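In what follows, chain A forms one complex with chain B and a second complex with chain C.
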Partner chain A sequence: MVSSAVLSFARSERFALLALVLAIAFPIACGFRTYPLFIAAQFAVFAMVALSLDVLMGRSGQISLGHAGFFALGAYAAAILSARFDVDLLAGAIAGAALAALGSLIVGLPATRLSGHYLGIVTLGFGVAVAQIALKWTALTNGDEGVHVRTIHLAGIVLSSPLHVYAVAFVALAAVAVFAARLPRTRLGRAFAAVRDSEIAAAAMGISVARTKVTAFVISAAIAGAAGALYAALTGFVAPEDFGISQSLLFFAMVVVGGTASTAGTLLGALVLDAVSQGAATVGGLSVALIGAAIVAVALFRPAGLKSLWRRGEGSR
Partner chain B sequence: MVSVQNLDVAYGRVPALHDVSVEIPDRAIVAVLGPNGAGKSTLLKTISGIVRPRRGRVVADGEDVTHADPAAIVRRGIVHCPEGRHVFPEFTVEENLRVGAYARGDLDAMDAVLEMFPVLRERLRQLAGTLSGGEQQMLAIGRALMARPRVLLLDEPSLGLAPLLVERIFAAIVRLRDDGMTIALVEQNAALALAVADRAYLLVAGRLRFAGEASALAGSELLHTAYLGGT
Partner chain C sequence: MRSRSRLAGIAAALLALSGVAAPACAEDAPGATVTGDTITFGQYADQSGANAAIGAARYGLDAYLQAANAQGGAHGKKLRLISYDDGYKPAQTAALVKKLVFEDGVFAIVGGVGSPTTAAVAPTLNDLGVPLIGMATGSPIFYDPTRKYVFPAWPLYTTDGKTMATFLKTHFAGKKVGIIYQDDSFGKPILAAVESVLGHVEEVPYSPGQVDFSSAVVKFKAAGVDALVLATIAAPAAQILNELPKFNYAPVRVLTGSACGYTTIFKTVPSLEGAYCAAFLPTPESKDPQWTAFEDAMARYEQGHPAEIYSAWGWLAGQVAVEGLRRIRGPITREAFVAALESIKSFHTIGGDLSYSAQSHRGIGGQFIWQAKNGRWLTVPNSKVEP
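Right, the complex of A and B next:
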């Protein structure tokens, strides 16, 4: 057992090293062309949201079918602050994370009394509501015309090329991935898992079940909100159609396909599904159909997700 | 000293306890006996704040804790070891023990726990889900002890265990009492519980049928009629 723990540690180190090499090699391999860098940076942003969702779903056992709502709050906060006050990307990301965290209380507080399907419905409704507000509150959001971001700058440096945004996105993704991977071995992560596995035992240990559930929502939403701010910086423009139900389902599918409670699995799921949705983007409706097919295929053949390709003994979850 | 006064508890419309009063004196083992569905586990859950009563009070050391939340009750030194073990299967033994110390934030009790259950020391890095039933029960008790309780609420520690393991766990319970701990022990195995208990209560269908010295209940007809369905 001790030796297998050492092995898995070495494996996660190898995984991190491989990911780092790929992230550095990619811009060179694609000749620093704009479009591939944009697509890769967008992957990094979506993967951050998927990891944030896995913190909620995999680690604390709560479902969210509306994560695009938190993503949207972060994106709009950063875009509007940039458009109106020309704020720095870091400040925008902090504001976006804060707004999303605030929004998470709207669903996180009922979550202390709901679980399973009911929580799924509440979060789904939240995601739809945020997209509708973005559409209808035209004074703030310009409705379906969207918000254009002004120049993007970070700590005084203007991020003028796609390579800059690419670098920022992957550094942010790495930070989130390290947080997500280390979380289970922290006191907070143990509280999450305790609440997930047995609310009675968690309460008996003196863990406040309600506070722990809300904390998971706040952390997850804050990460998704920060990712939203990066998304605004990346695309230079945010509009309601980027944050609909299908976007929420894409994030959900990334976690389920990759495998819950697994950082590497979620990253792989994000990569596969982002590729699928990009590849099918030109045909209307095809992307959603393929995402659905991917979920069905995983449910049938790999119920624990892609993580079961390298993790044993987890076939049932 | 924990005292439960005139407790009424219901799950929705289904009554679970009616007018139940129980005294748990310091440094004693108090057995709560009764057939399945009598409300024994509900009584412990009410004391630990997991279930809210309709009526009545829970008083610990003279203070009303009826509406305190479970975390606050753990910090007061009243720790519940729930029925069915509820160990965290994907945590190692050591991580389970660390969660037990969640409310304290220190691991001072670790050595004593591992000394009491040496098998846990051998399995510290093993996933709890891979332990045998008896080992999981020891882990569940050890995890509760990590919070260094003054009052331990122990629900069905013998459930599904081989006789030899049951003996070992009851020896541990007696030792904890002799070291000054107060223990409320819910058991289906009445003979076993009465052999170690100082005081005993008999619950039948949510109502108290006996309260007094454990030895008095041991020789009583009440016990037989309760378990065989009489009233």
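Right, the complex of A and C next:
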């Protein structure tokens, strides 16, 4: 048992190191070209959201079908602050995370009484509502014409190059990945697991089930909000069409395909689906079909997700 | 602790790398001068998302370029199109336009489809000095202020609204008018233009993606609306028009051009007879030489894709881009291309006469009215309205 845990840790250490070495090698390998750096940074941002969703789904046993809503709150907060007040990216990310965390209370508080399909519907409604508010509140969001972010700066440095944003995105992803990987070994992570496995047993152990569930929502939303701020900096433009149901379902699929409660699995799921999505964009309609096929294939042949490739004997959770 | 410090070190290395390498890799848009024997255009169009039908603009643009190649191309160079599916998602448009500009090295972006998608890329392309030509949108945000590298071709959406309202004022004076409009940068300018001509009208907004319009129809009927303006795209228009007979309600119906297909709408809306449409393209029945050339090229180069209104949008964009290219004297550069486009005056296109200048990139001006008769659109005489 102990040796298995050590082996698992060593593997995760090696995985993290390999991932970071690849992150450094990639810009050199691609010759610092704009498009590959942009796509890689976009993957980093989407992977952050997928990891945030896994904190909620995999670690605390709740569901969100509207995570693009939290992502949107962060993106809009950072974009509007940057466009109107020339606010720094870090401050924008903090504001985005705070706004998303605040928004999560709208969903998190009902979550103390809801679970499963009912919670799924509430989160789905939240995601749709945020996109609609972004569309209709034109005085703030500029409606479907979107918000442009012309100049992005961080700690006094203007992020004028795709490599800048790439570096910031991967450092942020690394931080979130380390947090997600270490979470299960913390007191909070154990409380999440206890609530996930049995709310009655968790309550009997003195864990506040309601507070734990809301905390999971707040943490998950804050990470997604910060990722949204990075997304605004990366694309330089935010519009409601980018935060619809399909985006929420893409994040959901990344976690399911990768395997819940697994940092490496979720990262791999994000990588696979983002690569499929980008690679197939040159052929009309193929992207959606391939993502659907990937989900069906995983459900049929790897119901525990891609993590089961290296974690044998995993259940479906 | 060991892993934490190691990760922090690598993170610092990544940031340091970006600081050192960034000045050397802030890329300019390649392909500012054409040197080879091919001129490549790029396009973004929805082929899979909510507006996949209008992505057919791709086939019309490709048909025009192939037809131009059959006549020798431009300056002896072949014309080529790279078109990507953006799913009508602005962020995906931004990503794919980066691919077109920096990876594929296109000379210009031509015939891109959609307002929010174009909004995502127009400022960036203008900053990069990459021309954006003939996009399928009439949103006022692309016309004012005039951007050096952005060349819209469509009439403004406000012209669309003004044409419908003027027609109603002239031919149906005294009728109570209502409008259902898409609550975004497509529908709102049409609403504003309609009300600028007719004053306040009964109005109902709807959200993109909405599928049930029965309550709107009930509201218009209850309010005694005699003439209904549909500032919608094709699918909502069909849904609304099919709702009307269910409520035994038969107002005068006037559609925006974006809602009117040449053939599909007659199949999806059995009760279309007598409805009107604001248009800037010729009808298939017109025997207009512009239409005939388009129809012939679609049949020759794009088999399986009909000569529809959406593919005609792409054809129009191709006409503008190729005319600009052919007017270049000397080296084919983006700067020369922009100057050549700005020299275009009263150029006959499938959408009417088009003019540009250094001060104004307004493109096509006027619109007119079609009427559905016996399963086809016919142009209503003397219905043209200038902006």
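General observations
One rule holds in what follows: the second predicted complex is superposed on the first by the 308 of 317 C-alpha atoms of A that agree within 3 Å, B and C clash if a C-alpha of one lies under 4 Å from a C-alpha of the other, contacts with A are read in each partner's own complex, and residues count from 1 in each chain.
Just so we're on the same page, contacts are C-beta pairs under 8 Å (C-beta built on N, C-alpha and C of every residue); 3 or more make two chains touch, one makes a residue touch a chain.
None of the values given here were measured: they were computed from a predicted structure.
After superposition on chain A, the partners chain B and chain C are seen to fit next to each other with no clash. By the touch criterion defined above, A:139 reaches neither chain B nor chain C. Applying the stated contact rule after C-alpha superposition, one finds that A:288 touches chain C and leaves chain B untouched. Rounded to the nearest 10, the angle at the Cα centre of chain A between chain B and chain C in the chain-A superposition is 140°. By the touch criterion defined above, A:155 reaches neither chain B nor chain C. After overlaying the two complexes on the shared chain, residue contacts for A:300 are found with neither chain B nor chain C.
Taking chain A as the reference, the larger set of touched residues comes from C, when chain B and chain C are compared. In the superposition on chain A, A:208 makes contact with chain B only, not with chain C. Measuring only between alpha carbons, the smallest separation of chain B from chain C in this overlay is 21 Å.
Chain A has no residue lying at the interface with chain B in one structure and with chain C in the other. For chain A in complex with chain C, the residues that touch the partner chain are 13, 16-17, 20-21, 23-24, 27, 32-35, 38-39, 42, 132, 135-136, 143-146, 148, 150, 157, 160-164, 166-168, 170-171, 174-175, 178, 231, 235-237, 239-242, 278, 281-288. The touching residues of chain B, when paired with chain A in their complex, are 45, 48-50, 69-71, 73-75, 79-82, 86-91, 95, 98-100, 102-103, 105, 125-127, 143-144, 147.
Contact residues on chain C toward chain A in their complex (touch as defined above): 3-4, 6-7, 10-11, 13-15, 17-19, 21-27, 47-48, 52, 55, 84-92, 94-96, 98-99, 102-103, 115-117, 119-120, 123-124, 139, 141, 183-186, 207-208. Within the complex, the chain A residues that touch chain B are 1-2, 5, 187, 190-191, 193-194, 197-198, 200-209.
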